[in-house]
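Okay, so subunit A shows up in both of these, paired with subunit B first and subunit C after.
Moving on to the complex of A and B:
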């Protein structure tokens, strides 16, 4: 009996074992507040939020084959809904999140309805146009959104977890709250990409015309993917508002939509965790380079160009290929 | 085999591309269980005819009836769900999915499991068994894990056929199944198509340029020329038809 058990343990310790890496990652993340200072905990919290943003976008980008340049819209809908609810209605985080998720999904559903009819560059341009519309609304609707100043002083309320009251005002507590929510969302997305539905999305990415001839409505599945992706971007936005405590319309600007696209390309859009790793690298590079120069965009851009040209599968894609020799299997 | 109800019926079917009438008024009936070959020179309108039946193109005029019901103008996925499946002249698959996954997409569609988001795909036992069965039918059980884009052309044609069969079609349209194949692969495919008619209750329409294939498996032959039907009958009748010889067979 003992031997079989130990074989399992050793298998899990193998660096080719995905479980090994998952356990290491969870342990490292759970212990972060113990070995990093508050400044870095803030940084890692934002990294987690951006990782969720990127993985959510990648459901549409890497898995369904649709490049959206407008997903900051759903991130912002999530952020503004949470911010406004906490500021003006009630300091209840669960209700704020629930409303944020509903509105982000709904807006993604409505915008997606029009976008999924188009392919490739036309799809990308339409998502960009809708994204800019949302940005303009947030910027110009002074009475609701605070216009260019945005929302200021969003509280981090006390979370009532089945009678257990947890104050989220300390960054450590907000970090754990973020870690748990992001963890749950990424787990759900992971189940989705491994479900029958996930395979249909991949087949649409591979050949969106052919899939119709086996009886699948390509548009309907694209729309599902769009809405689910928007929903989880909304969760990322909902986490972002109380984290920053003040938000402005720049989070809906198209450059914010481009960030998760870059992250997916950096990390690898064909590997589930690729965008999350891409998010960590992107934010780290941005932090380092912007410490030296105002022109950080130029250097970051150069790094990205290098990646797209020399590592088209992204960093995780590259490591994955080296470890598992994927793609070298030919008859 | 003809039970009286036509599986497929077209009336006055037309498709114009600008001034060109690619399909110029086609009236045809196909009975249940028939294997009909549609032949004709390049540009005769055979593939366009297939595209009109499967909803890839909308007809300029005319009607398509499937088992007595009007299906004109439906989308490809609606038509596929009614039981019409096809393979394409140019291999049209999911290149970066494995052979197994290619078949599986169609299996999931048939089993109406495609909307399941919170179950692991690999845990659907019924779908696993069915996918394995189809892989076995097309003889590619040992190549299930290869990416579809890297296997040989002949194997890709088989996967294409497997995907088309996996939705359990009533009517199967084969657009040049042996196109680009060597003689051995062609023999395999012919054997495979024969097996289909013997084992399953399926109606097949076949577009094929290889006349030895056509005359060895077709029960009926329809000859198209410039968008019109110029002959329709048993293989021996077509062989004897003077018009066909002039328009088509004579050219070879």
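Moving on to the complex of A and C:
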């Protein structure tokens, strides 16, 4: 092995390289159960699930330029499908996840079919209406969903991984399971946004009329984006149900849909990992502030307002600009 | 259902339609003129309901609350417009939505700070208690009062918009902001007036609704959804649309509870979705080709 290659590796590992940060993040996350107590492992697990939720939503929000106020619907379709399957059908996690992904994608596809025809506020309103429909169904269909009480006692079953049986009831094991699933999903999403398909989405965001002049069907690509984003929100929901072990219809209420949007904005909607960082900051703020005072929402509200007015590029966007000294992108 | 019952259900629908109309007309007016879809409009409604409780408690009379509470809400509206909305008029509509979502969080916790998480009730004023004999039965006087107030507010808005100078300026600004500015209309000031008026209407609806339901947190996020449904059905920015939308939803609420009690709420969203899909600008909205 020549020295040139090693120089290349070291050059890649400086503070400005993405690879450096990815390796640090993976190491830090993989070692978390060794240096944090169970309580914090629970916290980080939820953070990972919310990070996936936010990154999936951001495919539509940040990359395609469509603000959805109804993505809690696909999150809860994923969560309820997994919960119901594990409770009533079979304690097989892979089958439950498969079904959850199929149903979340299908519902996002059907709802998206109607929504992608509209723009801006009308799009936001229609996603809101559909999201609240899902909420009403989950809330009122007592015999299936348990009504206002929701599903209680969702098991964390034993995972049969090619003959290797892994019990997920301990939070450490469930943490690693979540980390691997979230990691795979985020990797797939990363490939998607960096593919030609991702470029088309970005150009739709920037100017959808020009995109149509080139002969690309804007609606079709928006619909793909909508369905993919719904699919991964479904995965996040599927992870959430056995994690919480009980779920209620309020996870489908419209204010829940606003949370991942908030996270994306906090971290930076124009940067791939922005929403994940935003999710971490959001959860951390919520945890810290609610430790001191009941009134944590007032601080979150103030942070949100401050970001909209002063820092619409988000925190990662801000650091990114400082590190790379690129021109300011205003949304 | 016999005829008298049917009529009373219709009146129930009219009562809820009138509070909805008062909320939604403010929301739609703000959208029409300022171009901001104010998610925090429900928060102003909730504030109105809490103020109704507080002023009735302090001053011993619902009537004082009915006068003072909407004015305080208008004051809150002026502060919100001046310090939070004014900096963001130029930015993308998505961010304006998020900003008003931030205001929801703020107001919720301010209310929680002052009033806690308990439920409150306000009783109707003495002269409106009990039922008015009607068709061999009785119908609550207070509901009839709310219907009357709704009609009065509707007439007042119509008068203000069509017969006064400010109203003409508002209509000019809502159809073309730049031309209005060029004609010497002080647009920023007009924005403040319109937002304050919208907040006043939201507060008024809050006071009127207070004796009809329990006052609690989460009133904001539930109310705003109904108000959105109304303005979307009627057409964003259209006052006649808001009237039609609220009359429709009011009757849907009243008879929905009777005929399909389980999925009554879902019908509202289905109606909202259908309108958005087939006629995005609503029944009374201008079609933008």
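Convention: the second predicted complex is superposed on the first by the 325 of 331 C-alpha atoms of A that agree within 3 Å, B and C clash if a C-alpha of one lies under 4 Å from a C-alpha of the other, contacts with A are read in each partner's own complex, and residues count from 1 in each chain.
Methods note: a residue touches a chain if its C-beta (ideal position, glycine included) is under 8 Å from a C-beta of that chain, and two chains touch if they have at least 3 such contacts.
Bear in mind that the values here come from a model prediction, so they are computed numbers and not experimental data.
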item	value
Joint occupancy of subunit A by subunit B and subunit C, clash or fit	fit
Centroid geometry (CA): angle subunit B/subunit A/subunit C, rounded to a multiple of 10 degrees	80
Partner chain(s) touched by A:199 [first = subunit B, second = subunit C, both, neither]	first
Partner chain(s) touched by A:18 [first = subunit B, second = subunit C, both, neither]	neither
Which superposed partner A:304 touches (first subunit B, second subunit C, both, neither)	second
Touched partner set for A:209, first subunit B, second subunit C, both or neither	first
Partner chain(s) touched by A:129 [first = subunit B, second = subunit C, both, neither]	second
More subunit A residues in contact - subunit B or subunit C	C
Shortest CA-CA distance in Å separating subunit B from subunit C in the superposed model	9
Residues of subunit A that lie at the interface with subunit B and also at the interface with subunit C	331
Of subunit C, residues touching subunit A in the complex	37, 84, 87-88, 91-99, 101-106, 108-110, 112-113, 221, 225, 228-229, 232, 236, 262-263, 265-266, 269-270, 272-273, 276-277, 280
Touching residues (chain side subunit A, partner subunit B) in the complex	188, 191-192, 194-200, 202-203, 206-207, 209-218, 221, 224, 228, 327, 329-331
Subunit A partner contacts - residues on subunit B that touch it in the complex	54, 56, 75-77, 80-81, 85-86, 88, 92-97, 101-102, 104-106, 108-110, 113-122, 124, 127, 143, 145-147, 150-152, 155, 163-164, 166-167
Of all residues in subunit A, those that touch subunit C in their complex	67, 69, 114, 117-118, 120-122, 124-126, 128-130, 132-133, 136-137, 140, 253-255, 258, 261-262, 265, 294-298, 300-305, 308-309, 312, 331
